[in-house]
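Shared between the two complexes below is chain A, which has chain B as its partner in the first and chain C in the second.
So, the complex of A and B:
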C-alpha cells in the first residue's frame, strides 16, 4: 500500500467544450419564453417558475450539505466527486438572483396571506386563522427572511468552494481545519434555514395548512434527488471521456448506496407526515392531502409511492445492482423525474384544484432555470481541476477498494 | 483426552507472524486448491475474504425471505382481524385501512428480517457448536490475542499431511501442529 496512486486522466474540463454554450442558449431561450408567459398568464407562470426554482435550489442546498458533512466527518469516500457539489454550492450566491421574480410576484403567488383584507376584522375577507399568523406571514418579514437564507447559503457555499480551490493551489493541508470550522456551525444554520425556506416557499402557498415535518420533508426530497443528480453527473462526465479512471466503480457504488439510503429516509419522512395527518383527521391538516389525493393528482401521489420508493428500493436492495451502471442510471432518472413531480404536486393543486393541468410554462421555466443552473455549473467547473487535487484524503479515496 | 484409541487427524494448524503473512498464506492455500480451511485472527483482517476466495454470503437471501414473510404475515394478520373477524368503525375509515397498517407491517418486516439475519448467521456458521478440536491446542489460545492461524482440515479431498506441512513451511509459518479429534 506504500505506492502513491497515480491519476492518468486529464483533470481539466476541456475549455473549448460546447456544453456551457448549449446550456446557456437553452437557458436563455427558456427564460425568454417564460418571460412571455409572465406577460400573458402571470399566476400560472409564477407557480411554474416556483416549482422549477425549488427543484434546482434544493439540489444546490443539498450539495452544500453533502460537502459540509464530508468535511466534518473527515470522510475520504467522496473526495474524487466532491468538486461537483462544491461547484453547485459555490454558485448559490449568484443563483439567489433567480429568486427575484418570485419576490416581485409574491402578492400574486402568495395572495392567500399577502392580501391585507384578510387581516381586517371588519372586512368580509377576514380570515381568523391567517390573521393569527400575521406576525410570521407578512411581506416585510418574508423579504428579510429570504435575504438571510440566501446570505447564509451564498456565503457558506462560496467559502467552501474557495477554500477547496485554495487547498488545491497551495497544497496547504491546514485549510482542511478551516473547512471544518466553517462546516460545523453552518450545518445547524442550514438545517434551520432550509426548513424555514420550505415553509415560506411551499407551505405558505396554503396558509391554513401546516406540518411541523415539512422542513425535514423538503430536505429529504432534495437530498434523495441530489444523489440521483450526482450519479447522472458522474455518468455524464464519463460519457464525455472525463475522469474515467479517476472515478472508479467503488465511488459510483458509494453514490448508489447513498441514493438507496436516502430513498428509505425519504419514504420514512414522507409517510410519517402523511400518516399523522391521515390518522388524526383534523380538517385543517387533512384538507391538504385530501386535495392532493383527488382528481388526477392522486396519480402523482401513488406514483410517488411506487416510483420514488418501491422501485428504487427493490432495485437497489441487492448489492450487485449498485455496481450496474445501467440500473443506477435508470433509477436516478426515475428519481429525478419524480422529484420534479413531487414539488409540482405540492405546489400546483393551489392553482388547479381538480387535477393536473400542465402548462407550456412548466416546461420553459424548467429548461430556462435548468439551463442557467447547469451553465453556471460548467462555467465554474472549467475554471479549476475537476477533483480537489492536493487534498490530504485524495490518495486514500483513489485507493479505495471493496473486499468483495 | 490422552488416549490413543481415537486419534483421528482433524487438520493441520499453522501460525503466522502477522496479518500480512496470514493473507499471503491464505492466497497460497487457495492457489494449491484446498477449500476446506479456515483462518483465525484476534481481529478482523482486511482483504482476508478475498485472499480466502470466499463466495458472497447467502445471508441476504435468507433475510429477504424472512422480510417477505413478515410483510405478508402482517398484512394477513391485520386483514383477518379488522376486515374478517372483528370489524370496528374507526372515525369512518375503511376496514381495509392500508395507511394505518403500514407501521405494523414495517415493524413485523423488520423484526423477522432481524431474526433471519441473526439465526441465519448462526445457521450458516454452524452454530451453536459447543466444542472444536482446535480448542484443545494450547497455542490456539493466542488466536484471541496475538496469533494468526490457518487450519486446513483433513476432510479436504486434496489433504495429504506432508504436502500441507510443506505448503505451510514454504508460506513462512512460524509454528505447525497436527490437530486430532478427541
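So, the complex of A and C:
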C-alpha cells in the first residue's frame, strides 16, 4: 500500500524576514538613482531602463507560461515549485506600472519611428521604408497595444494565482478544471501578445529590420533564463533553510533538465535566425547582425555562443550534473548574466553603434527594477504557503524519487 | 460542493485486462493464420506499389521531362511529396522519443505503431529525392566519395545536408524501433508453436531472456536512442525548411521556417497516426489499449500544432507587410488572391480552421469526426507544401516569365504509387510484428505499479484515489 508522504518543513515564508525590506531599499535606491539619470541623460536612461524592464518582464511572462503548461498537461513534476512562478505571474498586473517611464519617453526611445518628419515626403528626414509602416508604428496604436498586452498578462497571471490559493484554502480539486479552462485559451493569447510585444519593444528600435522568428526568439531567451532564475530561487530558499526536505533532488534534477532543454531550444532558435539571415545575405536583413558583430559588440555575440549555449550544454549534458547544486548554480548564474547581455546586445547598438558603452544607469536600472520585482515577489510569497498545498498532484510530486 | 468537476486521470488500459490477456490480445494477431481480409487489403496496396514501380521505371527510361516541371517552376510535386512524407514521419519519433523523455505514459499504446509509420513514411519520402536526380544510377554522387572527376558535393547546400539528415534519421529510427521490439519479439518466440516462427522471431529476439541485466541494458539503450532521436527529428525538418529558407526567393526566405516546419510535421504526422489507428484498432479489436482517451490527447496535440502553424502563417503575413519589401508583400498577396488562391484557402481552412473544432470535448472524443479531420489535416499539409513551393516560383521576380504550373499524369501516379509502398509495408508490419509495445503497456497498467502491492503480503490491491470534500472557507 502507498503511504501518504508527509511534509516536515514549515511551509510559511517567515513573516519577520528582512529580505523584502532589503529588496525594497535596493529597488528604491536604484530607481532614485535612475531618476537622476533620466534628468541628466534621458536617451541612455531610457535604453538602460528598457533592457532591464524586458529582462524582468520576460521572467514574469515565462512564469505564467510555465504555470499554464503545467495545468493543461496535468503535470505533477513541478507542483512543489509551482508557487514561485505563480507568484511572479500574480504580480504582473502591478508590474505593468513599470512600463510607464517607457511610454513617457517613447518619442525619445523610439525616435526612429516616432519622429513625424520621417513620414513627411517633403522633409529631408523622410524615410521611405518606415513611412510604409506608419499604420502599425504610430504612437496611439503602440499605446493601445501595450494596454492590451498588460491587460491579458495581468488578468491571466492574477486569475491563476488566485485559483491556486483558493485550491490550497478549500482543498477543492474541482478548481484544477478551472485552471485548465483559464490556461487553454490564454496560451494562444500569450503566444501572440508576447510576439508582438517583442516586435514593439525590441525589434522596432531599428524599424528597418524584421525577422519572422523574432517573437519565438524572445520567447526562447526569456524561457531559458526563467529556468535559471527558478533554480536560483530554489537554492536561495534552501540556503535560508526553507523547503529543504520538500524540494528534493529529483525536483532540482527536473529543473536542471528543463534548463538543459531550453538551452538547446534557445540555441536552435537563435542559430536558425542567424544562419538564415547570414546565408541569404540580403541587405535589408543582414545589416542588423552586421552591426552586432562589429566593434566590441562581437564579444557579446561570440560570448552568447560560448556561455549561453556551449558551456551550459556541455556542463549539463551528463545526467548527474543536472542535480549537482554547485554546477547548477554556476550555470544558472552564467545564463542569467548572458540573458541580460543578450537583451543589451539586441537593444544597445542602436544607441552606441560602434561598441559596448556601459553606463552606470544600466546598473541602477537593473538593481532598481530588480529590487522592486523581487520585493513584490517576496511580499506576495509571504501571504500564502510556499507550495500549493492540497493540490491533487502534490503527493505524487513529493513521492517522486531520483533514480541513479 | 464545487462549482467545477474534478476529472481524475483515466486508466490507460480499459477493460478487465491482466498481463496475460494483453499478451494474448496483441500476439494473437501475429500467431493466428492469415485472415482472408488481409490478402484483400494487400491486393490494392500491391497494385499501387506496382504503379509506383512502373512510374519510376518510366521516369528512369524517359527522364524528368515526364513531370510537369518547366520554367519558372523547377520544383514541383517531387519535393512537395518528399516534404509531406517526411513530415508525416515526424509524429512517430515525437511519440516514441520525445514523449518518452517527457514520461508520458500514454504513448505506450501507440508508439510501436507510430514508429513503424515513421519508417515507412521516410521510405516513401526517400523515393523522391532519389528519383528526381534524373540519372539515378549515379545517385552515389551525392555522397562525398573520392573520385577521379574531381566531383565533390556542395557542402554549402542544405540539399546535401538533407541527404545526411534523412539517412541518419532513418537509421536511428530503425534502430530505436528495433530495440523496442526485442522484448516483444521474444514474447512472440515463446508463444509461437510452429518451427518457422520460433526460429524467425527467435533470431531477431537476440536471445532475450528477460533477466534483470537484460532489462537494465535495454533501458539504457532505449534512453540513449530516445535522446539521439530527439535532436535528429528536429534537425530533419529544420533542414528541410532550410532547403527553402536559405534562398532569396520571396515567401521562402523567412526566419520562422525551421520551428514552423517542425510544428507542421508533427501536426500532419499525428493526423496520419490517427487515421491509421482508428481503422486498425477497430479491425484488430484493440480499443481497450488504443482508447478514446488516447484519441482525445492526440486531438489536442493536433489542435496545438495546428495553431502553431497558424501562428507562423500570421507572422509571415504580418512581417511580409511590415518588412516593406515589395517582393515579399507581393508574393503573400498573390498567394491569397493570385492564380493559386484556391490552394491557399484550402491550406488555410484545413490547417488553421479545421483543428480548432477540437476545442470542444465532444468533438475530440468523436471517432468519426476525428477520422474526418485527420484526413482533412493531411490534405491541408500537402497543400501547404504545394503553396510554398509553387506560388513562390510561378510568380517570381520577373513577371514576364510568370507561368501556371500543372502536374502531369505521371506526377499524380507516382504520388499515388507511394501509398502502395506505404500500405504494403504497413500491412506486412501488422501481420508479422506486434503492433503494440506489449512490455511497455504492461508497465503502465495498475498491475505494473508497485504501489498497488501490499508491502508485506505482496498481494495486489488496487489503490484508488479519494477526492477530498472541499472545505468552506470564509472569503
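The definition used in the following text is that the second predicted complex is superposed on the first by the 401 of 404 C-alpha atoms of A that agree within 3 Å, B and C clash if a C-alpha of one lies under 4 Å from a C-alpha of the other, contacts with A are read in each partner's own complex, and residues count from 1 in each chain.
Here is the rule we go by: contacts are C-beta pairs under 8 Å (C-beta built on N, C-alpha and C of every residue); 3 or more make two chains touch, one makes a residue touch a chain.
Because the structure is a prediction, the values reported are computed rather than measured.
Enquirer: So, A:327: does it touch chain B (first), chain C (second), both, or neither?
Expert: After superposition on chain A, A:327 lies in contact with neither partner.
Enquirer: Check the residue A:287 against both partner chains and state whether it touches chain B (first), chain C (second), both, or neither.
Expert: neither
Enquirer: State whether chain B or chain C is in contact with more residues of chain A in the superposed arrangement.
Expert: C
Enquirer: Just to be sure I read the superposition right, which of the two partners does A:174 touch: chain B = first, chain C = second, or both, or neither?
Expert: Touch partner of A:174: chain C, not chain B.
Enquirer: Figure out whether A:250 sits in contact with chain B (first) or chain C (second), or with both, or with neither.
Expert: After superposing on A, A:250 lies clear of both chain B and chain C.
Enquirer: Between chain B (first) and chain C (second), which, if any, makes contact with A:273: first, second, both or neither?
Expert: The second partner, chain C, only.
Enquirer: Go through the superposed model and pick first if A:318 touches only chain B, second if only chain C, both, or neither.
Expert: first
Enquirer: Is A:191 in contact with chain B, with chain C, with both, or with neither (first, second, both, neither)?
Expert: In the superposed model, A:191 contacts chain C only, not chain B.
Enquirer: After lining up the shared chain so the two structures overlap, which partner does A:351 touch, if you call chain B first and chain C second: first, second, both or neither?
Expert: It touches nothing on chain B or chain C.
Enquirer: Pick out the shared contact residues on chain A: the ones touching chain B in one complex and chain C in the other.
Expert: 275, 279.
Enquirer: Quick check on the complex: what are the chain C residues that touch chain A?
Expert: On the chain C side, the touching residues are 2-7, 9, 103, 231, 234, 238, 242, 245-248, 253-259, 307, 311-312, 314-316, 319, 322-325, 359, 451, 454-455, 461, 463, 465, 467-473.
Enquirer: For chain A, which residues count as touching chain B in their complex?
Expert: Against chain B, chain A makes touches at 271, 274-275, 278-279, 281, 317-319, 403-404.
Enquirer: Applying the document's contact rule, which stretches of chain B touch chain A when the two form their complex?
Expert: For chain B paired with chain A, touching residues are 46-50, 56, 60, 64, 91, 93, 99-100, 102-103.
Enquirer: Taking the touch rule as given, give the residues of chain A at its contact with chain C in the complex, in rising order.
Expert: 1-2, 74, 77, 129, 132-133, 136, 166, 169-178, 181, 184, 188, 191-192, 195, 199, 210-216, 264, 268-269, 272-273, 275-277, 279-280, 282, 284, 390, 392
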